[in-house]
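Take this structure, written in structure tokens, and hold onto it; I'll ask about it next.
Chain nomenclature is as follows: A, B, C and D, assigned in order of appearance, with residue numbering initiated at 1 for each chain independently.
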Amino acid sequence: MTYEWVIETKELTKSYGPHVALDSLSINVPKGATGLLGPNGAGKSTFFKTILGLIQATSGEGKVLGHDIRTEGLDIRSKIGYMPEYEALDNDMDAIHQVRYSGELLGMNPVVAMARAHTAMEYVGLGELRYRPISSFSTGMKQATKLACAIIHDPQLIIADEPSNGLDATARDSMLTTLYNMVHSGGRSVLMSSHLMEDVERVCDSMVLLHKGKLAAQGRIEDLKAIDREIEIHVWGSADELEQAMSQEGLEVRREGRIMRIKHDGEHTTHRILKCAAHTGAQIRRMHEYEASLEDLFIVIMERFGYGVKSSEDLLASPAEARRVDAPEHMGGSGS
Amino acid sequence: MAKDRGETIWTALDRKATAIAEFTMRQYRTRISTWVVLGVGFLSISVVLLFYIDAMNTEIEAIDNDGDSFDSDGDGYVDGQEFKLGTDVYDEFSHPGLFNPPIQPEPASMYINEDDYDWDYSDARSVASTGYDDDGDCRESQLLDSQKDTNNDGIPCNIRIVFNSLTGEYQIFADAGVDEDPDEDRYGKEAQHRAFVLAIGKLGFVFLLSIFIPLFLATGLIRDEMTSGTMHYMTAKPIARGEIFLYRMLGYLGIVWPYMLIMCVLMALISGLLGPGDQFFRFADLGVWFSVLIAALLATLVYGMLFSFLGVLWKYGIILALPIAAWELGMALLSMSVPESTFLRMSIVGWSMSIIDSGALLVWPDMDMFTQAGSWAGGSNEGNSFFSFESEALPGHGALEWAQSDLGLGMGPYPTIIVSMMVLLAQAAFFWFIGQLVFKSKEIE
Amino acid sequence: MIPDVSQTGEAVEQQWVPQPKAPVVMLNNVGKTYGRYQALGGVSLALSGGVTGILGLNGAGKSTLFKLLMGKLRATQGEVRLFGTNPWKNPAPYARVGYVPENESLHDWMTAFDFVTTFARLHGLTRDEAKLEAERVLEFVGLTDVMHKKIGRYSKGMRQRAKIAHALVNDPDLIILDEPLQGCDPLARTTIMNVIRELGRMGRTVLLSSHILSEIERITEQIVILHQGRLLAIGNVHAIREQLDNIPHTIELECSDAKALARDVLSLDSVHGLQFPTTTKLRIFTHHLGEFHKHLPTIVVENNHNVMNINNPDDDLQTILGYLTGGSR
Amino acid sequence: MSEDDVPIEASTPVTGQSRMDAAWGSESDSVASVARPSTQTGQVFEQVYKPWDGTLNPRWMRNWAIFRHHLLGIFRKGHRPWGVPTKLFLIFVFIASMTDVALTLLFAILGEPGLYELWGVGRNNLYAHVLGFFPRNMLFYPLVAALLVGGVISEDRSNGTSALYFSRPINRFDYVGMKYLAVASIQALIILGTLMLYYFADILSMGRGWAWIIDTFPMFLTTMFCGVLLIVTYTSIGLALSSVSRGKFFPGIALLAIILGTKTLAAIVEGLFDKSILYLISPYDSIAHVGQALIGANMMYDHPWVWSLVSVLAFNAISLYVLSVRVSSMEVTRE
């Protein structure tokens, strides 16, 4: 079957009573890796379930790998591998059997399923751990097992819901590498959702941004990054003085801890920064042109939708403050 | 805002206590399973109630216990009339129609239930003589005084009752023709009513409701929170774990006790209105219902503590609870048949049931006598009746015998109630104590 | 009151008074084993004030550490002290502690407002006080508009914030956050990070664990690194890096004329190696990072070089963690 | 900073101690101590993508996999992990159900015809093997059913595995249907398996002839049928309960409460008012009544047995209806 888009929806709507989870989404997902982004509750999981044919869309239509989501749910589910968001493993089983069983559920016979389970476990990097019970696994291993379940039949399309959630650096690395390899050496398509924009940037070429069930942005990641240029510096020591000095220099500074961002202002910006640093004796550990990351993009887009990043000054001004009088000396002092 | 909180330990304690108790009650209220369990409990009791209502509205068929409604000689006069008037019962040619003036035959129905049941006094041990010959076949017959006093107690036409302190039973010696044909309907309804109150109190409230409701509601009281991980929030507050256990229990009681109260009041109202008797409402029964209520409240408390403790003890605490429930079922049956068994001291249900038995004994002090009278059934059961018919005990007697049991502690009703309540409270305290000990030493993952 | 049966020695005072000089958190040679598996072994640590990030891979013992502090677990060896009190024996110090557990389960059936109010009352507040406090903290975490909705309908970030709100309700001196940023979208994450920084600035002691290294870096530099239950490093992230000076640090500069810059830089004592990956790139090896960085801006400015980029590939948490843990899982 | 001189007591035995500064802006005096890793191991991890181009089997194979997963879990590792208490109890019940087999064999060997007649295959003994109340239907079979159904539907939601499994080409009704069959099969192994053993042990030990077999075989088949009825009814009720609840234990307890509670209730009514009609609400008694009628054992109830049959059918119909409604609206996500 030939198809232009891996996933294609038209005016896809799903509502639960008065609550609209997906609001006439028209999305085209190309081959390759695509990131699905959105704040919590944007409808990412609902979208996944709808295109898997697990829940019926209220209206609209969609096609996955050329199959209609309303009528050909079984065909779609035979051809895709879905990696759920939450824990989705039976903790009392051994990893290899869990993977094998999920292969058998696809219609593999037990022998083939076992062989493929070994391959898949090997591929996700759990080769020597495969006979261990899942309950002894760390989060990273569990995620990898879920991925192994999803890829046991070498599907055309892998749908991964938050694959890197809760993983530490190493595990995240190997998870993302695996997904990346699926796309680049396996030639498969990946649709992944994530909160960590860095992850999406690492694996995906294009992205879809959802917000409250509506499509907020869609396209190639490169194209979507068009935000003011800034220079980011990591400062150590005398940060306050440096900030002051730069402001006096006429530079626009945003500060986040020891990381500062200076608005690009002509060719000599870096030079002026360094001059201030030389002046104040601050150490600039890092200085580079700041590429707008998806995270910023995200925040910018979200701000347009009426969200704001909340800052908080009000905790101290509360009646609870009075209770702190009986705090030990070394606790009570300082503060803002 | 200078806090005037923490004035005393008790106010702070009270705040925490109500907070957790309220929290627990809300938690129960939001769960459908709570309502299902309580609803099913209500339905099951109601089903038995329906049968009770039906029984109360059905006339019990009158039986001629002494058989004097027959016309043995076929002369048109039933035996009772012939006997009363002194003609020969077996002689066709001797009947009151030959009297001058001739007496008309009376209908047979007059000689069924003709001798009402009237042992209306409470303590059989102080009064040894009772009974009244309503139909007059003893009083008015032309027998000699010595013939009227077949039980040889010097009083004609009465019933002599002897309490046998060895067997704990009553022996009944009736003069011929006294209370020989009691009113089945009257006795049966009263007996069924009492049996119903006792059975529903003991098996319905104390066994069925008080075991299954805590089994569903209390086992997970602490354990569910521990498995789901929400216990972390509570244990991270400045509150001892023993307190958490106790206050969660309070919340559980806040749901279960009002439920039991409502059920008891409902049953008391309905059975009081429908029950037999001359009054509009059987006010005296409220005493029994009160004892049922006390027993049920204490039983739910103890079982709640026990099951909750089992839940804390082991992840599969409910598996431990099942054998205990089976043991309690055995004890419940044992307590109804052998109330003085020592095994009952090691159960919860045995103590609770003795509260109800004591309550029943206080409200119905004639219980023993009443049971005995039903078994005696106008003498027909012992074969010493005038006509010696092979007959059964009165209707309702079997049910009453089944539902009623003596006090097993060898004490009077009041001491039994007090001792049982103390024991139950002590059991609850004990389970709470080891429960909180175990909870305290549990590591929460 | 409730008998504290497991107590040894003197009775626990009702009016708990923290020991004035004791550090907020103190662990002395604390170990925790589950059968043969050691979750934590011989950790000693004292903290007061400020934000501290507890770093470690999954299973390094971060949550175990927190659970020991919160009296959920009993230490198999060593002493745990919270405000000078053993938390396993006495829950009184929790009056000053806010704890945000790692697990996601919450009381889904109640509203955030009720949730926070209920748990505020466990601190001994009256109903009205608790309501006031709840409104305040919910406002603080930005849940005011949804606080009367069931928690079950919340998204992950909102749930996380509800948890934080419940922990802040007693205005604690010590706040323990176990993976607070996990599963939150960028907006929620930024908000929560602001909250944590704010608390740190107010002089509260904040302990937070995370494995998203770049985020810890944005909140604090004070870190504790745990690995396989052992305390691997503690202190300022840069200071830690500096102590590891047997490996040269690498600094990458991007400038218009690398060779010229190299000549000027060479005069610094701290430089002990140079490399030119491309003509505009200069890679400098040094043992004394601070020393070098102190002088670098002056040299650049004085000699009028045009430096576009300074990169310090070794100086981030990820590298340190990788280095300390030997790159193994 | 004024806090800098806040003393940490001298006696405080702290090795890796440090005074932590506020979040950032930390200046000069950072202290740190570092422990070295004892070993440095590297790991080279190369991923080789291995495509697979097999064909997937159709529906019946998938269903077979589900059935197999649940059934084989009783016997070996690698399939559905039934709890250890469950397995132990199954073994116990299996052995306990064979008391009559053992006694038959024993008396056949001893050659005591009188005792043998007491325990050998006969109408009442066949009935008692499957439908006797104490201990089989009070302590054994309902508990087996309760342990098996507890969590069998709800586990997928509580583990979250439903999200994984339902993303496979599986129809929900097939999935639940196969679970139903598997649970029923395990019970059949115990109840019907021991029944067959009993019957064949009798044939073998006594050297029965064809005439006897022809004589008793219809009775045996009827008993088998009654056993199936029992299993199906318990399983239907149990799975319906399992589908409406989230917990692992609720369905089991509720099943026991239904089976034993209704029986107790009916017994109260019988004791008080001498009416057996309420036994219609007790699943066990209804089945037992039908069994008594079909097998021809002593009738213990006053009402006509057809009513009990209707009651059994109603129990099954209601339970299956609830089950199918719940299955069709089953959430795929974790709760």
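We take it that a contact is a pair of C-beta atoms (placed from the backbone, for glycine too) under 8 Å apart; a residue touches a chain by one contact, two chains touch by 3 or more.
Just so you know, these numbers come straight off a predicted model, no measurement behind them.
Student: Touching chain A and chain B alike: which chains?
Tutor: C, D
Student: Have a look at A-D versus A-C and report the one with more C-beta pairs in contact.
Tutor: The greater number of contacts lies at A-C.
Student: Which one of the chains is closest to the middle, using the mean of its C-alpha atoms?
Tutor: The chain sitting closest to the overall C-alpha centre is D.
Student: How many Å are there between the centre of chain A and the centre of chain C, using C-alpha atoms for each centre?
Tutor: Centre-to-centre distance between chain A and chain C: 22 Å.
Student: Express in whole angstrom the distance between the two chain centres, defined as the mean CA positions of chain A and chain D.
Tutor: Comparing mean C-alpha positions, chain D is 40 Å from chain A.
Student: Roughly how far is chain B from chain C, going centre to centre by Cα mean, in whole Å?
Tutor: Between these chains, centre-to-centre, one finds 65 Å.
Student: With centres defined as the mean C-alpha position, give me the chain C-chain D separation in Å.
Tutor: For chain C versus chain D, the centre distance works out to 46 Å.
Student: Chain A: which residues touch two or more other chains?
Tutor: Residues 237, 257-258, 319, 323, 329-330, 333-334 of chain A each touch two or more of the other chains.
Student: Give the residues of chain B that touch two or more other chains, as numbers and ranges in rising order.
Tutor: Chain B, residues with two or more chain partners: 3.
Student: Give me the residue numbers in chain C that touch at least two other chains, ranges are fine.
Tutor: 21-22, 48-49, 129, 197, 201, 203, 219-221, 238, 329
Student: Which residues, counting only chain C, touch chain A once they are in their complex?
Tutor: Against chain A, chain C makes touches at 18-22, 24, 48-49, 56-59, 83, 96, 129, 132-133, 136, 139-140, 142, 154-158, 168-171, 173, 179, 182-191, 194-195, 197-199, 201-203, 205, 211-214, 217-221, 238, 289-290, 293-294, 296-298, 300-302, 306-312, 315, 318, 321-322, 329.
Student: Which positions of chain C touch chain B when the two form their complex?
Tutor: 1-6, 14-16, 67, 70-74, 91-95, 97-99, 101, 103-107, 109-110, 114, 118-119, 121-126, 129-130, 163, 166-167
Student: State the interface residues of chain A toward chain D in the complex, per the touch definition above.
Tutor: 45, 49, 52, 54-55, 73-75, 77-78, 80-82, 84-94, 97, 100-102, 104-110, 112, 116, 119, 123, 125, 146, 149, 153-154, 174, 177-178, 181-182, 185-186, 237-240, 257-258, 329-330, 333-334
Student: Of all residues in chain B, which touch chain C in the complex?
Tutor: 3, 5-6, 9, 12-13, 15-16, 18-20, 22-23, 26-27, 30-31, 228-230, 232-243, 246, 433, 436-437, 440-441, 443-445
Student: In the complex, go through chain B and note every residue touching chain D.
Tutor: Within the complex, chain B touches chain D at residues 33, 40, 44, 47-48, 51-52, 54-55, 192, 195-196, 199-200, 203-204, 207-208, 212, 215-216, 219-220, 224, 316, 318-319, 322, 326, 329, 398-399, 402-403.
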